[in-house]
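Read through the structures below before going on.
What follows is chain A paired twice: with chain B in the first complex and chain C in the second.
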Partner chain A sequence: MSYLSIYYLFLVIPAVVIIYSIVPKKFRYIFLLLVSFALFFYISKKLIVILFITILTTYISALFINKLEEKKELLLNNANSEEKKEIKNKFKFKKKLLLIIYILINVSFLVAYKYLNFFSINTNLLLKLLHIDYSFKIIRIVAPIGISFWLLTALSYVIDVYNGKVEAEKNPLKVALYISYFATLIEGPFTRYADIKDSMFAGNNVTYDNLCRGYQRIMFGLFKKMVIADRLNILVKIVFDNYIEFSGFSSLLGTIAYTVMLYMEFSGTMDVVIGSSEILGINIKENFRQPFFSKNISEFWTRWHISLGAWFRDYIFYPISLSKPMKKLTISARKKLGNHFGPLISGSIALFVVWFLNGLWHGAGYTFLAFGLFHFLMILLGNIFTPLIIKICNKLNINRENIIYRVFQSIKMAFLVFIGEIFFRADTMQIALGMIKKIFTDWSIRTGEISSLGLDIYDYIALLIGITFVFVISIFKEKNIDVRNEISKKPVAVRWALYYILIFSIFLLGAFGHGYVPVDPMYADF
Partner chain B sequence: MKWYFKIIIFFIILAILVELLAIPLFPNKKNLFKYGFFNSTMFELLNEEENTIDTLMVGDSLIYSSISPTLIYDKYGFTSYDCSLSSQTMKESYQYLTLGIKSQNPKVVFLETNMFFRDPDSNKRKIKDIKKVKYMLPFYVLHNNWKKILGGSDAWIDYNKGFRYIAKFNPAKKSDIESYRKDRRDDKTIIKDENMYYLKKIIELCDEHNIKLILISNPSIKAWSMKKHEIVSKIAKDYNLEWLDLNTLLDIDWVNDTKDKGEHLNHRGAEISTYYVGEYLLKSNLVVSHKNDPKYQKWDRAVELYKENNKETKKEKILIK
Partner chain C sequence: MEKLIEILEGLQPEVDYETVDNLIDGRYLDSLTILSLVSEIEDEFDVEIPTVEIIPANFNSAKKMWELIERLKEE
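Up next, the complex of A and B:
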């Protein structure tokens, strides 16, 4: 089920909001937990057992780590300085062991459900190459819905407890809700326990203001999905399935269309997630921040799927780059290569691991690995050449803050993102590389090619209207203007007129019914 | 004002706007006010100009995938329309025909016999009935007609006349073709009382309006059986009706002429059944040709648009998947 389906938006959410309002405040989080389990069970049936195991292991591990910490503090109070060191090491080891066991148990689910087939297929290929007459059985298994999201959410909680950033929660139901909260269960974003716990368990009242703001956000998300993403879907399918028949121009158009579609669908879903949570008084951090206004790929990834980037930064990048061997490497490299390139080596190693895992997180396949490594390479090149570019700009008296330079940077950044997304969307590496080759070599547009991409002139008009609308809203957001706040200051007639315009735009321009194929929730399979 | 009153008022205004703003999206405003929002949204025949269609093809998907009224007009000059919905029941056919007779002046009605055997009480049917609520929201169903508003008068011409063009072929299984040719008998085949009730009502309705009612069984490997043939044969005899069983009259190539493994015909197959029906109308002298009649100029344009737009495209392949 998609968060952007009519049933979810206009049946599930209203029903949840009404019952949530009726339930006594102190039991509201339990109601939300039941809704979350019901949603999970509705989609993944008996695989809910995996979710239960994760919840249970998360709850117990965090509690044990906390207990060990308390016990350590108790012992430290009565110990001399030599004993203190021993106690610290002993407890550090115990905590670490517990954390590793916990991570291994839970990551094994992820490996089993998402990567086992990929590894088996590749091992079989290797065995065949080595002429070894053995092959692993390939079993097609369906993964529990949203496993990549709720599992990493659970891991972040235990790691935060381990690092002493949060206290372990004593109420197992609250831990369960944090992991399986229905609004973020399928497509994220990754939440942090410290950020969400207060609003999630407070049982805040549903207010008129929250209801209006929440539904405004939801309708905006629906607009992005139905007017833009669903309309682009046919063009994207046609280009990616038949790229050989098209010119490089159409391949590029298909690639741009895919990136826009992905953004509209995923950020639209996030609007629904954040908007529906807002109605319930639960605060969820933004997962997108106008990514196409970025100057470079590095910045792009701090504005696109922010919570995933933050997760990799906090739980992969920092632990690697700040580890003892890396620190040693940085010190010696700094001596030999200087202050810019010295620290770049350890940082790049950590970055490589991050993007390797990022690619793998998005899917088990070479195209996803290529997607991750392409971004690694682009960021690395950016890091290496930035000083040189600054030097050149300074020599040529180019103002890097100039609007023309900024637009140039954004276009360059967007082009690289489009190329990266080819790996993300293509079914095979052959298709991805074929399309990239076409983009750079084949510029012969054939007669009638554009009209054979599945959209008519009116579809392009609707896209232009839709994208312009989203672009204008993005400019406001970039300038820190809260459009919803501005609307709330207007008289009721103006406010309602704007709401009706938005609703009718979705009705009228929405790409649904005969002739359209709605986009499947793209991140729900991860 | 209490906030929930505000919400109620907001939705009341929205509901009114949804209906009012849908009016420009209807192709035939005159019929809209005459037959109402629900009927005009559900029964596409009401989009046609009044008293311009001489033959109504009433039935389920076997009608809209087997008979192309535009091709009949192109070759013979006879005007017809496919009054068919997916999984249409006899009751719906009666409703459709009633409206068809009110808005048109048909001389001939073809009634697809596959509907005789449809269970009107099945769960699938009940779900379909619930889904009919969408026809109360014309804005939802007709929303794409904004393109026609911008597209000018040509854009409003329904060049398919109820027919659904599918060029793609998906061959039937060899075993299915063999069992079809071996006069397969399905012992479970029965006609529910409700279906017989509406059949009698349709017969009465046609008699009242002096309309020639002809039963038609369009080609389908999945839907047809010898048992059904025998039952329909008896009904035709009992009620003194003419009947065309195209399953026995036509030689369909079930490898190339079907879009879905023998359940329905594709455009290639539909051409065979369409021209058979056209030839039948020509020989029976029941209807007259409207070729070269200035009143029917839009039909000539419909033929042009039909040929222009009905081509197999990559988009069509995606939509069929």
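Up next, the complex of A and C:
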């Protein structure tokens, strides 16, 4: 099921909103929990047991960690300075042990459902290569829906409790809702308990203002998917399935189309997630911040799927780069290599782990690992060459804030993103590398090639209108102008005229009917 | 506080640390500089900065960093 399906948008959400408004305030979060479990059960049936185990272990672990902390404080009050150190060390060890057991239990679900087959297939290949007559059985298993999202959301809560960032929640139903909240269950974004708890459990009233703002956002998401993503899907499928028949130009076009499609589909889904939560008075942080306006690929990933990047930054990058041995390495390397290259060593080791896991998170396959490692390499090279580029620019009197330089930077950034997305979309490494080779070597456009990409002139016009519309809205956002706020200040006639234009443009320009295949919710598979 | 300013100037000399209060948000200090900064502060002031404390609010100005160091020393 997709969040962008008509069924979900115009049947599930209105029904949830109506019942939510009728239910007494203090029971509203319980109603949301029931909806979440129902959605999960509807899709993954008995695998809901895995979700329950995660909820239970999360709830208990956080409570235990809190209890240990309370006990430690009590003992510290009556201890001298010698004893204090011993008590602190003892409790630190206990807390850490508990956290590790919790993480191992839950990550094992992820490994079992998502990675076991990949590891088994590769181990079998290795065994065959070594002439060892043994092979692991490959079992086709279906993972519980959204496991990559809700599992990491649960982990963040327990780690935050461990770090003393939030208090452990005593009400198990609230922990359950935080982990399985229906709007973020399938495609995220990753929320943090400290950010969401107040609005999630308050049972806020549905106001006319929130309803308007929420549905405007939802319709904007639907526009992105139906007008742009579903249309580009045709071209993308043709190019990636038959890349051998096309020139490098079409390969590049297919890659650009795929990147734009992925953005429109995923950010459109986030519009639905954030918009529907807004109606219920639940605040969810943005997951995209105009990524294509970035200066470099590193900045791009702080603006695209923000919550995933932030998760890796807080729970992988900093814990590794600021671990004791790494800190020692940073200090000694800085003395020898200077301010720029000194911290680069520990930073790069942590960055490698982050991008390796980022690739793996997206899927168990070599193309996804290549996607992660490609980004690691590009960001590393960017870091290594930054001082040299600044030096050259200064020598040649090039102003790096100049508009031409900025455009050059953006084109370079976009090109690298497109190449990265080839790995992301291609079914095999052979296809990915074949397409990249074509882009760099084969520019012989054959006659009639453009018309064989599956789109007609009407499609290209619709795409041009759609992308321009999203681009203009993005410029407003980049300039910190809240378009929905501006609309709400307009007279009622103008407001409704704008709503109708948006709705009719979806009907008029939307890619449905014969020949169109709606794009699958891509991130739901991760 | 003087020692902290000295560390900061050693890492990124082109900033007036007495007045600037958006060191992170204004992108004066990048993530690699933060790695050096945290390591140097811990080494110099004998404190341990937990990763949860590495947030813009604690590193946006020299004053905020000093407050963090003082707080961690007390703990």
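Everything that follows uses one rule, which is that the second predicted complex is superposed on the first by the 526 of 526 C-alpha atoms of A that agree within 3 Å, B and C clash if a C-alpha of one lies under 4 Å from a C-alpha of the other, contacts with A are read in each partner's own complex, and residues count from 1 in each chain.
Definition applied: a residue touches a chain if its C-beta (ideal position, glycine included) is under 8 Å from a C-beta of that chain, and two chains touch if they have at least 3 such contacts.
Every value quoted in this text rests on a predicted model; they were computed, and no experiment measured them.
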Do chain B and chain C fit side by side on chain A after the overlay, or clash?
fit
Partner chain(s) touched by A:G342 [first = chain B, second = chain C, both, neither]
second
Please indicate which partner A:G513 is in contact with in the superposed arrangement: first for chain B, second for chain C, both, or neither.
first
Just chain B (first), just chain C (second), both, or neither: which does A:D314 touch?
second
Which partner chains sit in contact with A:D456 here, chain B, chain C, both or neither? Use first/second/both/neither.
first
Of the two partner chains, chain B (first) and chain C (second), which one does A:N80 touch, if any: first, second, both, or neither?
neither
Contacts for A:Y208 in the overlay, against chain B (first) and chain C (second): which applies, first, second, both or neither?
first
What is the contact status of A:K237 with respect to chain B (first) and chain C (second): first, second, both, or neither?
first
A:T447 in the overlay: touching chain B, chain C, both, or neither? Say first, second, both or neither.
neither
With both complexes placed on chain A, how many Å separate the closest C-alpha atoms of chain B and chain C?
41
What is the shared patch of chain A, the residues that chain B and chain C both contact?
none
Per the touch rule, the chain A residues reaching chain C in their complex are 160, 163-165, 314, 318-319, 321-322, 327-328, 330-331, 334, 339-340, 342-344, 346-347, 383
Contact set on chain C toward chain A in their complex
10-12, 31-33, 35-36, 38-40, 42-43, 49-52, 54
Help me check something: in the complex, which residues belonging to chain B touch chain A?
3, 6-7, 10, 13-14, 17-18, 21, 139-141, 143-144, 146-147, 150-151, 313-315, 318-319
Using the touch definition up top, name the residues of chain A that touch chain B in the complex.
208, 211, 234, 237-238, 241-242, 452, 454, 456, 458, 461, 496, 499-500, 503-504, 507-510, 512-515, 517
